[in-house]
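There are two complexes below, and they share subunit A, which is joined by subunit B in the first and by subunit C in the second.
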Partner chain A sequence: MEGPKILFTIPYLNINVTETVVDTWLVMAVVTILCIWLTHGLEIVPRTKRQLAAEKLVSMVNNMVLNTMGHRYISFAPYIAALFATSMIGSLSSLIGLRPLTADFSTTLAWALLAFIMIQGNNIRLNGIGGWLKGFLDPVPFMLPLNLVSEIANPISMSFRHFGNIAAGMVITSLLYSALAALSSFILGWIPNEFVASIPLFQLGLPAILSIYFDVFTSFLQAYIICMLTMVYVSGVDSRE
Partner chain B sequence: MPFVSIDVWTIIMQWGNLLILLWLIKKFLFKPVMSILEARENEIKNMYDEAEEARSTADELKTQYTAKLNNARDEADEIVKTAVKTAKNTSDEIISDAQDKATALIERANEKIEVERKSAINQAKNDLSDMALTIAGKVIERDINAADHSKMIDKFIEELGDAS
Partner chain C sequence: MLERAIVLAASAVGAGLAMIAGIGPGIGQGYAAGKAAEAVGRQPEAKGDITSTMLFGCAVAESTGIYGLVVALILLFANPLINLL
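Here is the complex of A and B:
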């Protein structure tokens, strides 16, 4: 298996722009166009299903943030929406032949690090730097190494979980394709016609069924999980009611 | 690139991309939808306020009308009572008037009857005296001097009248 290809290099700065980043731009474009299409011509009395869908989307995200993080963090909703949309559509992009951008460890690590920064930032904001540092000595100073490990393990587990699920789906799908191709050539190989023997007959149908789990279900689930974990961890340091 | 790799520039790019998308989603999805939801909420609140106002006005009007209605009913009762009273007074007057008049009429009639009776009696007395004179004259074949005997005849008639 290959990693993401480098599509071009920005000259002078020597920045490699990979497939992942370009796919992300595509996803962003799709999401933005979808948002603009959903919200054009909004009316106080909704008359189109389009508007109802837009309102439903927004209130779903708002409710999710409200239930998980509480009303103090309602301004987090657009971030969660952006994260969810990028993650899900980025993972689902494998359905149209793109390389899923979440199958690049750098992407999921970027998101997990952002969550890590927000967690620590929120902790410092609420408890002050002293309180934040003292938190590592809780409940006894002896726990310091364990606390550090648990804090650092958060972004690592988060990023590897997401990356692993999508990348594994990709790997399994391609393994399945090559296995089915081998099976096809093994069975049809007996036929002397060279063209008929080269038809990958068994690749028809079966991968689509497995794809429902490995691509569609996993994409949705992992997007949901990374959003949930981000929300839970960020609001988890807030002990206020 | 290797399958599992950490590329610093990709990480930075993905941060930037996520933040840009956050901004885009905020601008194109959340802001318009939230503002329309807020507008709707305000409108609904306004409608409720207006309905509440209308209801309180209606309640006020209702109390006013009820009070007016009660007043009107009292007034009507009063008017009817007065009318009945007046009518009764008038009818009493009329009746007593009529009674008075009737009494007066009866009295006058009685008086007249009395006068008539008296004149009739006198007439009858005169007639009788004349008849008595004539009969007596015939009986005694002699002209009775009416003037001489009228006293006696009158006495006779008087006794006759008393006997009758």
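Here is the complex of A and C:
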């Protein structure tokens, strides 16, 4: 396994553009086109399946945000939907041979830092700067280092979780492919015929079964988890109700 | 050359040892899944809520294992020790 390849360098600025960046733009284009296709020509009484699907998706995200964060935070729904779509399509892009963009720590760290900024921002908005700073001395001033560490550990654990799951899936899939290739060349290698020896006997079909777990299930689960964690942490600093 | 070989071998062993961290989340997630199965058996109509809560808890419990995995990945693919020689 290697890190993302550097595809080209922006001249004069010396910024390396890696595979991850290009894949992220592709995923963003796919999500945008999907949204435009789903929402063009909406009608009051839906007639097309396309509009029904769009309404179902929107109400699903709205319900998720309502149930987890409460009605005050319904304006978070677009962000959560965007995060979910980008994370899931980005992880699933490994199915068509791209390097999944969430297997790059930078991507997940960016999402976790966004969540961190939103958590602290929401805390300051609700309690004021004085209340926010005082919160670190809760319940006794002695706890200050522990509170600081637990705040900083939040984005680290969030980003490592997403990155680790997808990267582990990628490593295991590539190990599996090479192991299956070795196995089929070992078994068919006894036959002195070049065509027979080159048949990918075990690589056919078998990886798909494991791919269902490591790529499809994990992608969906991790997208769900990072959205849930963002919602829980952001609304967690709100003690009203 | 010998130093390099020793560092590489020790890194490989260390990566293997780091993955022992997988035991903890394995036990924890199994416990969570067992409790969720019990809960579904007691209250089958709340299956959806129980499943999503269980998956959420499992994913959070997984983080210690993921830390071990990240350490192993760093030792195997982005070894910082080999540059210290």
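Following the convention adopted for this analysis, the second predicted complex is superposed on the first by the 241 of 241 C-alpha atoms of A that agree within 3 Å, B and C clash if a C-alpha of one lies under 4 Å from a C-alpha of the other, contacts with A are read in each partner's own complex, and residues count from 1 in each chain.
Methods note: a contact is a pair of C-beta atoms (placed from the backbone, for glycine too) under 8 Å apart; a residue touches a chain by one contact, two chains touch by 3 or more.
Because the structure is a prediction, the values reported are computed rather than measured.
Engineer: Check the residue A:161 against both partner chains and state whether it touches subunit B (first), subunit C (second), both, or neither.
Structural biologist: The answer is second: A:161 touches subunit C but not subunit B.
Engineer: Now for A:88: first (subunit B), second (subunit C), both, or neither, which partner does it touch?
Structural biologist: In the superposition, A:88 touches no partner, neither subunit B nor subunit C.
Engineer: Thinking of the overlay built on chain A, is A:237 touched by subunit B (first), by subunit C (second), by both, or by neither?
Structural biologist: A:237 contacts neither subunit B nor subunit C.
Engineer: Looking at subunit A, which partner touches more of its residues: subunit C or subunit B?
Structural biologist: B
Engineer: With the two structures laid over each other on chain A, which partner does A:58 touch: subunit B (first), subunit C (second), both, or neither?
Structural biologist: So A:58 only meets subunit B here.
Engineer: Tell me the contact category for A:228 with respect to subunit B and subunit C: first, second, both or neither.
Structural biologist: Touch partner of A:228: subunit C, not subunit B.
Engineer: What is the contact status of A:3 with respect to subunit B (first) and subunit C (second): first, second, both, or neither?
Structural biologist: In the superposed model, A:3 contacts both subunit B and subunit C.
Engineer: Is there a shared patch on subunit A that both subunit B and subunit C touch, and which residues make it up?
Structural biologist: 1-3, 163, 167
Engineer: Residues of subunit B touching subunit A in their complex?
Structural biologist: Touch residues, subunit B against subunit A: 1-7, 9-15, 17-18, 20-22, 24-26, 28-30, 32-34, 36-37, 39-40, 43.
Engineer: What residues on subunit A touch subunit C, complex-wise?
Structural biologist: 1-3, 157, 160-161, 163-165, 167-168, 171, 221-222, 224-225, 228-229
Engineer: Going by the contact rule set out above, which residues of subunit A touch subunit B in the complex?
Structural biologist: Answer in residue numbers: 1-6, 15-18, 20-21, 24-25, 28, 31-32, 35-36, 38-39, 42-45, 51, 54-55, 57-59, 77-79, 81-83, 85-86, 104-107, 109-111, 113-114, 163, 167.
Engineer: Which subunit C residues qualify as touching subunit A in the complex?
Structural biologist: Of all residues in subunit C, those touching subunit A are 55-56, 59-60, 62-63, 66-67, 69-70, 73, 77-78.
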